[in-house]
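Okay, handing you the structure first.
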Amino acid sequence: MALTPITTITTLDTPHAPSARLPAVRWGTAGTALLALALAPLVLDGYYLHALIIAMIFLPPAHGLNLILGYTGMLSLAQGVFFGIGAYASALLSTHFGTPFVLNLVAASLIAALIALPLGIPALRLRTTSFVMCTLGFVVIAQMVAKNWVDLTRGDMGLSGVARPKIGFGDTTLAITQIPQYFYLILVVAVLATLAFIALIRSPAGRCMVAIRDNETLAESLGIPTWTYKLIVFMLSAAFAGLGGSLYAHYETVVSPLVFQMYYSNTILIIVLGGGVGRVPGAIIGSFLFVAVTEALRVTPELRMILYGFVLLLLVFVFPQGVAPLIERATEKLSRLGVKQEKSL
Amino acid sequence: MGNFGNFIFEQIVNGVITGSTYALIAAGMTMIFGVLRAINFAHGEYYMLGTFAAWYAISKLEVNYVVAIVLGVAAAALIAATIGRFVMQRLVGAPFQAGVLATIGISLILQNAVILAFGGGYKVFEGGWIEPVEFFGFGMAQQRIVLVVSAVAIFAGLEWMVRKTRMGKAIRAVSQNIECCQVNGIDVESVVRRTFLLGTALAALSGVLTAPVNVSVYGGMGESITLKTFAVIVMGGMGNVRGTLLAGILLGVVEALVSGLIGLQYRDSVGFIALLLMLMLRPHGLFSQKARF
Amino acid sequence: MKQQSIRRIASLTLWGAATLAATAAQAQDAFKIGLVSPLSGANARYGAFANKGANLAAKEINAAGGVMGKKLEFVSGDSQCVPAEGVSATKRMITFDKLPIIIGDICSSVTLAMQPLAEEASVLLVNAASSNPAITYKAGVGGFKWTFRNYPTDEGRAAIVLEHAVKNRGLKNFAVLSVDSDYGRGAINFTKKYLPRYPDAKILSEDYYKESETDFRPVLSKIKNSGAQAIVMYGQADTTPIVARQMLEMGLAGKIVLVGNAEFNTAKTIAAAPSVLNGSIEAAAWLPEWTSARSQKFVADYKAAYSGEMPNNHAYTHWETTHLVAAAIKAANSLKAEDVRNALAKIKYDSAMGPVTFDDHNQAVLPMVLLEVADGHPVIKSAIAVKIDYPK
Amino acid sequence: MSEPILSVRGLRKNYGGVPALQGVDFDVARGEVCGLIGPNGSGKSTLFDCCTGLQKSDAGSVLLKGIDITGWPMNRIAREGRLLRSFQKTVVFPTMNSEQNLVLAGQMASFPGVASTFSIGPKSRARIKALRERAQELIEVSGLSRVAHLPAGNMSGGQQKLLQFATMLMPEPELVLLDEPLAGINPILIEKVIQCIESANRNHGITFLVIEHNTDVLMNLSHRVIVLHQGQKLADDTPEAIVRNPQVVEAYLGG
């Protein structure tokens, strides 16, 4: 039996006849949300900004997972690996060569993608559970490598003192040290990543991914080289993860083999499933939701993880499609409402 | 060179002992996978629960080890029954990732609940038959022999159960085709419940049996076991009980040799490296004839 | 079922909110200190000890009139040994609770991530249990002015143990079996650094166990066959009984001794396999058997406070560090982080182990005790305070 | 007559020792509608699978327009060979609506390569626009306009059949293999499908190889009929001759 296809999910361009102004409303909501984020530093203090930053750091990897799970239909637990690889790549570049932030950022996602290639070629021969287990194996092995390749990674000592990002050149250089600056920097990266993601799934290739998810044989019979697409998607999702890892390294300023714990893969998975798999807003809503929940639960440190567990069960059984659909429906209602009002006027 | 031969032999024996524990735990997991098609990320937690309950019975209720085994397994089974009823059986036919998410949630709840209740510290497990006996020139606790023997016995029992009993036949039927069973009026949900109960009980049992030689008991002890089990069940060919026994013992032996000849720090990746190699060469598991899905 | 689970969650959350409200209510005239530690997940056990130790100290301090007339209270944060989580907890303490002083974390990677935060917020970060040398390499004159560490680094520890093992005990062939963490690996690196001082001493094999390891037979068989006389173990207290038990069943008792640091000397460990632990050498920051009156009293009070549970060294270091901070406040006669920091820098504090001072890297110079186990009881050989030569 | 568009030579295929095809040879001429009949298990679908690369044949070769395509991956045969097939059990992409299904079908033919499909630049948008228009036409023709906005998974079986048929025509293939196109659809639809096949064959010169159990219809539809029996070619002749062929009658058509 294959990964039970997520047949109920709707693709980006929703098939059911949408209210005429729905897209407008969509962009409207997106714009408002973005504006709200952009203004956040004016009203919120450090802790909230930090929470938002964490959310936005996990956003690109979540997009990556959404791409491979939600749009191509393969569950990969290796996102954490590529997240970690991205983090290590940035940390190594910055500590050894003092390369600028932007370069590290790009390099991190490139390196992640390149490492995904040799891993993906064998792994993608596998189906469903075997593939999941294989990606799980990558996590364990990555941690072993990080711990034992001491010459490169300094092993358990980890790499500390990763440089704070600097933007610009020469005397126009701006050193990012304050939380609000970080916030805007990471906001920009997150937005760019999101746009890239949308572009991807709106491209003809995006349709091919959905086709592979829906019925691989049929797609193959229509001349779509499914294997090639799956490999590319695997690498792309790794690139997204690497991006997040790089942001993480430059924000936390320390990287240790602990970034290869299951924690990160799980977190990314929870974000995507919680938000709504196979939906653009899914990963976005998910990442903020995740941070909101985990941080809110800090009110009871000792009960925190137990409650968190219950929240996961709640997700599975009460919101199996994630929370994005609720919000989408809300916006739709909104749009219909708008129409009515116009009529009444 | 005979010396080296002895060394290898000793390592193999070590491996067989550890491996039979892996096999025991994995057997439960693989059966659950068979009927539910869900990877149980919480499986190690039942191993932990069983051990914890037995520890509690021994050090707080001051019963003897044999009683503790019963109590430990019973306690774990009780919790498993509840979870099976309210969570696992509702995963029938749910998307794969739903199972992953739900079981991660359960493992968080169980693990941290135990930490909350008993504190995070290690507990020393008293009891069991830990007197060393001389065995081909190297010592080992009697408990280890008990462990291997009971593992073999249990697997014999499982084999018989799966082949002969109605329960076993139902399990096999559900593993092959859920829809078909639903049509033929097999109560899939109850089969899932019972399989889950059996599987978790096995995990708990192996926990209690290894506790005397593993000495320590603590809330987080399930995690690493769960990971190892994954490797074993895939190698054994998902849902294949006999294959799981061999895969478990194989993993145990390879681990022992690696940590004996290369280094203990590489031990945990052994399972998955082996798994990856196998998946490349025999994508359907070492022992199952055909892929089940 | 849905309703049920929802209700369950609701009730639990309410419970949490209630407790929070309660703490908030009694928090009027209290002086709050942050305590970041792993409270959930696989490392929760360390955090539990740390919190118990710290809270015990707070109780004692408050019984003696508190700090500057205020009650001393802890705000606890969960780090799960994940930097991101630790940073979240710290951020929360800095911006919400506006805490001037934070104690934390046990896991070095979290502490390393906390350092820059403390620096930016000018919050005093006192570490009580991380052993990664980098922490104080980069502190004080090394850069981070607001980080202090009241915990011995492993460099001195490794040096003392090796010297005693080779010089006084004539051990030559060592096998390494340490925890696979920055602590275990770091200590072994230092051991290797000092090994060349003893020409005929050598390391035959090197193994690192993961924190949840329980099966040591394979590696012990190897060590047995390698003909090593001693196992160099820098590891967790919790694992030592397991290793000892399995050495016992393999008949290695009396043939191979343990040297290093992993609570060889606690009653709990020795009870697991007395014959194995006899003769083992350990350099400890603290151990429950330490004879000083203050230490004995701590153990007694701790057991009294926590239903007979034996404290471990995390409990002690957090207990002692809390008292140290209180002392610094007293000396500074101020609750302002800046004053407390300056006071701490030049404090001369009498810990249960002996006098504590801080060097120019804000690293505590404090005595470590060297012990051997003789017929089931720890015997103190010496107490030495080590100064570190920092990498130039 | 020009070189055959498809020629199968000595094709063999076993499933775990059970022979499904044991040395089948035949040609399909350009522009004809060729019927393929035979009792269940005579290897018809297996033949399709081997021709389209879904299954690897054990022996023999498949030539498409004179090029040996044996062992090519399915997608290459479809793309470069312009050979499409339908499946016995109707399949469409359930979460996509009709237009998306059709655009996807046309995509590979109208994009130069995988890389170019990742672009959302004007060129690629223009390509998609063209595909959209064509898709709409086909939707019109197959009378799916009313349900075109639904996810294909929510359409009726018959509608899915029609959509699948439209999908076959979308990338303007040269050869289409239809596996029981008429199974389980009502008489009116049957008429419709037949018309589509004939017009596609006449107006676009598409060659068809059709498996169908509805022999009466097939006999009228096809220019030539090949009969498979127990993995071997039993007969290959005009419909008129086939219905009179005693072996065929005995093996398949029945009295």
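Per-chain residue numbering starts at 1, and chain names A, B, C and D are given in the order in which the chains are listed.
Simple rule for what comes next: a contact is a pair of C-beta atoms (placed from the backbone, for glycine too) under 8 Å apart; a residue touches a chain by one contact, two chains touch by 3 or more.
Source: prediction; values computed, not measured.
Chains that touch both subunit A and subunit C are the following: B. Both subunit A and subunit D are touched by no common chain. The most distant chain from subunit D is C, comparing centres defined as mean Cα coordinates. Chain centroids computed from C-alpha atoms place A closest to the centre of all protein C-alpha atoms shown.
Separation between the centroids of subunit C and subunit D, computed from CA atoms only, is 72 Å. Computed centre separation for the pair subunit B/subunit D is 50 angstrom, with centres defined by C-alpha atoms. Centroids of subunit B and subunit C (each the mean of its C-alpha atoms) stand 34 Å apart. The multi-chain contact residues of subunit A, meaning those touching 2 or more other chains, are 147, 302-306, 310-311, 313, 317. Residue numbers of subunit B whose C-beta contacts span two or more other chains: 90, 111-112, 265, 268. The multi-chain contact residues of subunit C, meaning those touching 2 or more other chains, are 1, 5, 40-41, 180, 208.
Taken together, the chains touch in the following pairs: A-B, A-C, A-D, B-C.
On the subunit A side of its complex with subunit B, the touching residues are 1-4, 6, 69, 75, 122, 125-130, 132-134, 136-137, 140-141, 143-144, 147-148, 262, 266, 269-270, 273, 277, 302-306, 308-313, 315-317, 320.
Taken together, the subunit A residues at the contact with subunit D in this complex read 5, 7, 9-11, 13, 15-17, 199-200, 202-205, 207-208, 210-211, 213-215, 217-229, 232. Every residue of subunit B that touches subunit A in the complex is listed here, in rising order: 33, 37, 39, 87, 90, 93-98, 100-102, 104-109, 111-113, 116, 227, 230-231, 234, 238, 265-266, 268-269, 271-273, 275-276, 279-280, 283, 293.
Contacts from subunit C toward subunit B in the complex involve residues 1, 4-5, 40-49, 177, 180, 206-210, 212-219, 221-222, 225, 237-239, 241-242, 245-246, 248-251, 268, 271-272, 309, 312. On the subunit C side of its complex with subunit A, the touching residues are 1-2, 5-6, 8-9, 12-13, 15-17, 19-20, 39-41, 76-78, 80-84, 87-89, 91-92, 94-96, 107-109, 112-113, 116, 120, 132, 134, 138, 180-182, 184-186, 208.
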